[in-house]
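Okay, got some structures for you below.
In what follows, chain A forms one complex with chain B and a second complex with chain C.
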Partner chain A sequence: MADENKELKMPDMNYAKDEIIRISGVNPRKCMRCGKCSATCPAYDEMEYHPHQFVYMVETGEIEPLLKSKSLYKCLSCFACIDRCPRGVEPEKLVEAVRLTVERQQGNDHFTPDSLAEFYDDDMPQQAIVSAFRKYRK
Partner chain B sequence: MQRIGVFVCHCGTNIAGTVDVSQVAEALSHEPGVVYSKDYTYMCSATGQGMLKDAIRDYNLTGVVICSCSPRMHENTFRKAAEQAGLNPFMLEIANIREQCSWVHKDMAIGTAKAIVLGRAAVAKVNLNAPLTSGETAVTKRALVIGGGIAGIQTALDIADAGFPVDIVEKKPTIGGKMAQLDKTFPTLDCAACILTPKMVEAQQNENITIYSYSEVEDVKGFVGNFDVKIRRKARYVDETKCTGCGLCTEKCPMKKVPNEFNLGMDSRHAVYIPFAQAVPKVATIDPNYCLKLKSGKCGLCSKVCSVGAIDYTQKDEIIEEKYGAIVVATGYNPISLDKFDEFAYSKSKDVISSLELERLMNAAGPTGGTLLRPSDGTHPHTVVFVQCVGSRCEANAEKGKEYCSKICCMYTAKHAMLIRDKYPDTDVYVFYIDVRTPGKNFDEFYRRAVEQYGVHYIKGMVGKVTPEDGKLKVQASDLLDNRQLKIDADMVVLAAAIEPDKSARPLATMLTASMDTNDFFTEAHPKLRPVESPTAGVFLSGVCQGPKDIPETVAQAGAAASKAIGLLCKDKLKNNACVAESNEMMCNGCSQCEKVCAYGAITYVDKEFRMPDRTTQVRRVASVNPAVCQGCGACASACPSGAMDLKGFKNDQILAEVDALCR
Partner chain C sequence: MTVSYFPGCTLKNKAVDLDKYARQTAEKLGVTFEELDEWQCCGGVFTESTDEIATKLSSVRALKKAEDLGNILVTVCSACHNVIKQTNYQMSDEDFASKVNNYLGSEEAYDGQAVEKHYLELLRDDIGFDSVKKQVVNPLKGKKIACYYGCLLLRPSKVMKTDDPENPSIMEDLVKSLGAEPVYYAARNECCGGYVVADSPEFSKRRAKDICDGAEKAGADMIVTACPLCMYNLKKSGSDIPVVYFTEVMAEAFGIKEGENNG
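What follows is the complex of A and B.
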């Protein structure tokens, strides 16, 4: 992937919370803090901020740590958290919205056609490549 | 011409804040028939009512209009006051200028104009009002209790104690309900059977109580004080009057592999069975789905061994009809189905069980004789994980699960955890909770005892998935306070399943015309002030059919429902609704439209002889309303094509006069 250590361009933080809620369509206030999302997450150990923290931090407006977190690129988008959430909060959609908020800043693409060669091998399904472009590019 | 008095209430500033009350009184004083018009701060106060009574006497009023709050609030108050002053109560009408006017408007000019129009409509109606009198009906002094769990038993005992006969209808072969299946009860840990079975026996021995077990309510007709109920007594193929409950038939029956519902299918029973040792009535029942004799005609062993000849393979369902004055609903609950909760592997592993199944596994009369063993291999579990809120507190309209809190799970899980730690100190017990909700006398102390004294590990978080692997259950869960994902190798997982009303409740509510909420719990007449009465008169609510509750609350509510039913049964006569339909026989063309729309069966057709203008007689078929059964809904009046049917107090010309006044 692109250089993980490069300085990311950050959006205006007041704007970012509303924008994340708008593009995700998630209402974090529906969360009853049961933690079933994080209990079910297969990428839990890889993530610095876990699914339930995404919900809580977006609600309390702690957006900046999320935008800078590597967790955005560790989420497998498996939707287990969405499936299991008893309150229909859809935490994965928030992870995706935070990631898009970063990538939509100029020059923040997380994946470029040039870097494709680095990962490409014969076993990689084409769908994975398409998915990677969808997830990591604006 | 009527002599009408108009009274405009300020309701403090509730009305006067948005409506110019003196202007309303002034405007209405010019309406036809109005001889007196006044405004006052609180019409419902003693002074206000005194004013009303004085004016009726001083001005010889024949009609009254009160411009005030909703008639639901004070119509009764004012009608009583009018009656005390010698006026027929039905000559008084309310114009609702609070809920329908001042509370919904901000602008004084608009509010005042609307209040005048509403008052004018009421005056127009009173001009056409006629004095009405209510009839009376006798009360059948017998109560019906539907459901024979702890709620139904307690209600029946209390009504019987007051001296009234009560019938309990229970669909299972025995009364006792869910409580009979429980092991211990929180927070005192006394054995459920030890405190329940004496009550069951008491119910059986009480001469005022008749128990119809293995029976269901088939049809309900009638109204408060006079319900006609059909009860289906399902064929149990055993003569209840002869069977002594010796149990010989159940031992000899060759069909031994019938899943035992009392132990939630964790062991088997015979095709002829007595659900449990202390069953009431203690008589055998033949399960027609499994009995060889009933299915194939071969066998008949039970009949051969029965020394009293109680077995009767030819028995048929029997319908009995009975009259009741009051009906108490006590239909109870069931845990929800856990089949859809794939993440907890409930259908995949036998060692993932529901809390009710654990009750049976811990019970001395259960499938393991009270020793806690894994259902899969019969070994002793060393790590037990409890998951709370399974299917409770889900989002509205969730595909699986309920929106409400099931209320009893926090306490029974603490009980289970404590009992396991007490009996098997070598067992690690984890409880995953979202919130621990233990309000109630000695409840929180009980939960804390599980943690502090018995060392149960309470972990704030939810279990995400359970995977059966090599005889273990891999539990993956959140520990939110430690911000960790836990992985526990458990031997047994216990799911605290949400509870839902029994499936029989919905069709029963339809029969009773009693209202229910979206979750199929019966609704109360008032959620705070009339919690044990259904809005349908004469129908009372007891136990979980009204909402989740534990045993102490259920017993308290059962007593409350009983006292309400007793209050009704104590009355010799009930006043009927005076606003009932009446048919003008001269106009009735005998079309039967009204009879078809009447939901209460209040209309019948009679052949009547009429003298015609030419002095001949003619027999015509005309509608006749039973005023004791009519509820005054008005459906017949609007269905009648010839204008013969009319509703007293809301006659067509009265309503049209109101409409005219509104449109003026």
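What follows is the complex of A and C.
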């Protein structure tokens, strides 16, 4: 649905890490590196960076690869990693916060109304469309 | 008993059977669904970020209206249930609540005290499955039903508290009370890939196919769900197993499904 070759505007990287921590409310230092979040993730095979890597890379400040990754749009928001994390780290909130940090830059919307025609069919519930607007556009 | 009812965008259009049979079966059980005036779409997905206010206002307004009427707020769509319940939970954060109330103005200020329930929870906790059983005139004998929860009904469990997130029983208990036999299979509480259907349709199709295949292998005749997006995905998976809403099997057992033509 999105233009794969579009050049995304990147925020200042020092700002980005603080922003991601702030809007997610997540403390990545609580992570004990067990990998259960990635083991239970139904989108694991689709992702270049997996939930445990989001946690580690935000903690160590490797933000830019995450901001540019297509993994941001593969997360299903199914809350499996949130529910099953033994330390209450809530990795999905970090994935979302990284995605929002990209989408809140002007011109970085992943979804455009014009692309509706590409995937819409008569059986598709409204829920699919409003969710795409909410998740992939700011 | 009268409850405030939040139908949501999809139940007014594509998921009419979920809406219609929820109202009609509730009426049989002595519960009137009073639709909220001027409700607004919940947005379909809860934004986890701590600083998003505007995307949660429609849920807050619905909760506030139900509270003013002195009613429980009932949802039937899993997504509406998830968004509204998570929003209500976030209102227990003082800072967030004060920002929301500043936004809404003093006339609409909301204190987070309304109670939101999915229809399934209302059936279990307020009506009782024994009362459901008493309304059954056409027991679904011999029907093997795979209940599909997906993600939104159950998770995040510390907020939703709908059921045990890893071993739920609310839908199986319902189909048992209708005379059917529940079928257990591995993926009943795993995500169908609904939210990425617009962006990665092949991925969500694979997810949905796994779920349908699992239910079929366990011997199910059909799958029941509470979510219009799960329904869409499972039906598009290429599998032949029928997928229906839980309200449809209730209406069939209550003898009100056939011959209906009102909306």
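The criterion applied here is as follows: the second predicted complex is superposed on the first by the 138 of 138 C-alpha atoms of A that agree within 3 Å, B and C clash if a C-alpha of one lies under 4 Å from a C-alpha of the other, contacts with A are read in each partner's own complex, and residues count from 1 in each chain.
Note that in this section a contact is a pair of C-beta atoms (placed from the backbone, for glycine too) under 8 Å apart; a residue touches a chain by one contact, two chains touch by 3 or more.
Fair warning: this is a prediction, and the values are worked out from it, not measured in the lab.
Participant: Which of the two partners, first being chain B and second being chain C, lies in contact with A:H52: first, second, both, or neither?
Facilitator: Only chain B is touched by A:H52; chain C is not.
Participant: Is A:V130 touching anything from chain B or chain C once the two structures are fitted on A? First, second, both or neither.
Facilitator: Second partner only, chain C.
Participant: Looking at A:A39, would you say it contacts chain B, chain C, both, or neither? Reply first, second, both or neither.
Facilitator: Only chain B is touched by A:A39; chain C is not.
Participant: Using the superposition on chain A described above, determine whether A:P86 touches chain B (first), chain C (second), both, or neither.
Facilitator: Touch status of A:P86: first partner only.
Participant: So which one touches more of the residues on chain A, chain B or chain C?
Facilitator: Here the partner covering more residues of chain A is C.
Participant: Considering only touches as defined above, state whether A:K68 meets chain B (first), chain C (second), both or neither.
Facilitator: neither
Participant: After superposition on the shared chain, which partner residues are touched by A:K30: those of chain B (first), chain C (second), both, or neither?
Facilitator: After superposing on A, A:K30 lies in contact with chain B but is clear of chain C.
Participant: Between chain B and chain C, which residues of chain A are contacted by each of them?
Facilitator: In the superposed arrangement, which is not itself an observed complex, chain A uses residues 80 for both chain B and chain C.
Participant: For the complex, which residues does chain B have touching chain A?
Facilitator: The touching residues are 343, 389, 393-395, 398, 401, 434, 460-465, 476-478, 480, 483, 485.
Participant: Help me check something: in the complex, which residues belonging to chain C touch chain A?
Facilitator: Residue positions touching the partner: 8-10, 13-15, 41, 43-45, 47-51, 55, 77, 79, 150-151, 154-157, 165, 190-191, 193-201, 203, 207, 228-229, 231-232, 235-236.
Participant: Using the touch rule from the top, collect the residues of chain A that touch chain C in their complex.
Facilitator: Chain A residues touching chain C: 1-2, 22-25, 42-43, 46, 73-74, 76-80, 82-83, 92-93, 96-97, 100, 110-111, 119, 123-132, 134-136.
Participant: Provide the residue numbers of chain A that touch chain B in the complex, in ascending order.
Facilitator: 30, 32-41, 44-45, 50, 52-53, 80, 84, 86-88
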